[in-house]
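In what comes next, subunit A is part of two complexes: it sits with subunit B in the first one and with subunit C in the second one.
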Partner chain A sequence: MASLPKRIIKETERLVSDPVPGITAQPHEDNLRYFQVTIEGPQQSPYESGVFQLELFLPDDYPMEAPKVRFLTKIYHPNIDRLGRICLDVLKTNWSPALQIRTVLLSVQALLASPNPNDPLANDVAEDWIRNEDAAIAKAREWTQLYAK
Partner chain B sequence: MSRLPKLSEQIQDVSDPRDFLRTKLPELVDLDTLLRCHICKGFIKTPVLTPCGHTFCSLCIREYLNRELKCPLCLAELRESMLRSEFLVNEIIASYVGLRSKLLEIARSGPDGTVPHSDTSLIEIAPGDEGAHELSGDDDLQIIETRRNRPAKRNAEIVLMPSKKSRRDSEKPGISSMISKSKSPALPEDSAECPICQKHFPLEYLQRTHLDECLTMGSLGAAAKPTSPPKIGKASNETTVSVQPAAERISEPSVSANTTHSNRYLESGQKQGVARLAKLNFSSMSMQQLKSKLTSLKLSTIGSRQQLINRYNHYEMLWNSNFMDSIEPLEEKELRRRLASWEATHNSSEGTLRKGNISKLLNKNSTTRIKDFKTDRFDRKGWILAHQQEFNELLEEARHNLAKANKMKYSASNQDEVEDAEQAESHPNSISCEKGEIPSNQLVVKTEEISTSSQGTTGV
Partner chain C sequence: MSRVPRSFRLLEELEKGEKGMGPESCSYGLAHSDDITMTHWNGTILGPPHSNHENRIYSVAIECGEAYPDQPPKIRFLSKVNLPCVDQNTGEVKKEQFSTLRDWKRSYTMETLLLDLRKEMALPSNKKLPQPAEGTTF
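Now for the complex of A and B:
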């Protein structure tokens, strides 16, 4: 493995020493490109009071390529599928090397606050969401209680 | 935690704008941030300007433009040919970087002055000189001024003021002495340091007359007292001379470096000798042509076609960044050395970096090929045919696992790899959002294999 670029070291240092409120990211002991992340569910969302585990991996070509982020905690959300994969523009087409781990995780947190069933990743969830939003939100809340504690 | 010492060691030599946060000059955080590249987060090396007004390291942005043709900051359309080098920014940054540790030290430990911008602590002015400086509210200005103050104070003869304003000033001897101390240093754009006597003169004067004079006098062993350049106010000459001795001792070490930056900026933009390396249309080139191209650049011709292409592409980037953007281009030899060190980590022929069948193949084919993987133009059929056997093995294994662990559905444990494979198989529709891209669950290095298997499934 090539040596760790300074940018990653710098970001890591910053994430650990000056974390974003509601978000933690710890690099793995064996692989400094692999982070264990927790995100608190945003207030006034169905995910409020939940703490979600994620994993984040910085590919060799980072920052030219987006980091890979995935939910480990089960979550009921139209843009996050059962494998925890996230449908988020900045992780795909709108990635820019001027973004960083911090901003990506904030975007993920924002996605929790504003689910978008019109661009779904988990089709079944999105259908529920469109058909009966209240019930879907109630289910999301229930899952948060069940899995994200 | 075995990782911590290692990481903290590495952190030692990484500087961060927030170093200034708890000093007496927290405003420097902003300046320090501005001088950094948004791609590598280091101080901008060989800055280039985009048409949309953003500045990046030449290499960083060129590398990114090999992938996406847009500005990383505003996403505006951008092509490599649109980049323009910024010599001034280059020198400002180089000068700031040279100054930074000192600045940090002073900002951390200076006397507990009540003045928020303690100018004295910042610039180490000669005794009796303080108060002459007008505090500028803008930090950026202040720093640049600071930098330029040094040569001025040390060099009494600096009095030549290139700008109209200062020339006007020097005609009024009454205030010119004050002004020459506080203002002139900020404007030495046209002045340069004599390499022999290290005093400052207007560039033109230096080149035409002073150098000869100085050389002659040096060889005669006389105390170099060259004739004053034209347009020097007498009064200012006297005052500055009287300040000279003290100031000279104090700011000696960094001065020559600082003036070099102004010099380099003034002399920049003259080289036209080296031609830009063109982008090649590899698809229409035979292996033979490719090799002869590389040979003409004195590059190695060993390796697969793809490796040769990568080699040329990376070298082209290094070359253009060096000869088109850099103020002080390196020699070709050095470029080749850098290419070699890049190849060692990014273009290796054998899968030395990772284990696993597929990742070995991927390594062999290197980055551009992996990138193709994600576009719609990727030759999926060809890929599937070429790796049929691996896919089948993976499918077999996945089915086996599926049968074995049918009841064990999703859990947040480490079995993800296995599960991913199952899920990708049994729910091929679940990647609808990604439109056939590689699923984003490539989190663990190992999972490359899985993602390929899901490619196989969706493609068939």
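Now for the complex of A and C:
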């Protein structure tokens, strides 16, 4: 494998030495661009007390190109689809090389705290959310208990 | 080049398949849209012209295991087809008799596989092989 860019090495070191509260990110030994990630559900959100597994990959063009991030834990959220794909502006059009792995993961954590059913990726979930928010939140809580332990 | 992990590679293939950005002569997608492991896929191959396969649509089932794309997927015809590389009892494409599977490279995709099977159908030695009735399945 080609040597790892300094920027990635520095980011990785800082993720380990100065971790973000509620978030862990550990590179795989055989692929240092591929991270195993956990995010704790934010307090006072339907995802509270859940621990969600994600995976993150830094493509060849990183940081010119955004990291690729996906949920591995099933989650009921209007902006996350059934395959764990995330609809988040900083992962798409609003990516900037000034952002980092940690800022991306913080944005994902913030998305858990404030679901946005008006910009959905999972249309059926978003419709539930708009039609009956209380029921949707209850279901998100239930899935957190079921899958995010 | 860095090694794209299995899941992100499969997501790329899925998006290409879903958006119909690939060639018209084949298609592929997840067998179950909520399969978070992205293991089971369905595909189709449009029979090549000027052969006994012309105008036929063949369905296949593809299984991308844990080691994909380092290791080739398993692929099985659901539609009956008479080809030397296809097991006539199960529909399975026999790895040893199909070079794309036998000499698999990480850069190959499900699309490579489907297009190469289509080429196999069009080989001079294969294109006039008698074929089972259209619409029959293994």
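The rule is simple: the second predicted complex is superposed on the first by the 148 of 149 C-alpha atoms of A that agree within 3 Å, B and C clash if a C-alpha of one lies under 4 Å from a C-alpha of the other, contacts with A are read in each partner's own complex, and residues count from 1 in each chain.
We take it that a residue touches a chain if its C-beta (ideal position, glycine included) is under 8 Å from a C-beta of that chain, and two chains touch if they have at least 3 such contacts.
Note that the coordinates shown come from a computational prediction; the quantities given were computed from them, not determined experimentally.
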item: Joint occupancy of subunit A by subunit B and subunit C, clash or fit; value: clash
item: First, second, both or neither for A:Y34, with subunit B first and subunit C second; value: both
item: Contacts of A:K92 with subunit B and subunit C, given as first, second, both or neither; value: first
item: Touching partner for A:R70 - first (subunit B), second (subunit C), both, neither; value: both
item: Touching partner for A:Q53 - first (subunit B), second (subunit C), both, neither; value: first
item: Subunit B versus subunit C, judged by how many residues of subunit A each one touches; value: B
item: Subunit B versus subunit C as contact partner of A:R82, first or second or both or neither; value: both
item: First, second, both or neither for A:E13, with subunit B first and subunit C second; value: first
item: Contacts of A:N123 with subunit B and subunit C, given as first, second, both or neither; value: first
item: Residues of subunit A contacting subunit B in one complex and subunit C in the other; value: 1-2, 31, 34, 55, 57, 59-60, 68, 70, 72, 74, 82-85
item: Subunit C residues within the subunit A interface of the complex; value: 1-5, 7-8, 11, 14, 33-36, 38
item: List of subunit B residues in touch with subunit A within their complex; value: 1-3, 7, 10-11, 14, 16, 18, 38-42, 60, 63-64, 67, 70, 72-73, 75, 345-346, 353, 367, 410, 412, 416, 419-420, 423, 427, 429-434, 437, 439-445
item: Contact footprint of subunit B on subunit A as seen in their complex; value: 1-2, 4-7, 9-14, 18, 27-32, 34, 53, 55-57, 59-61, 63-65, 68-70, 72-74, 79, 81-87, 91-92, 94, 96-98, 119-123, 147
item: Sites on subunit A touched by subunit C in the complex; value: 1-2, 31, 33-34, 55, 57-60, 68, 70, 72, 74, 82-85
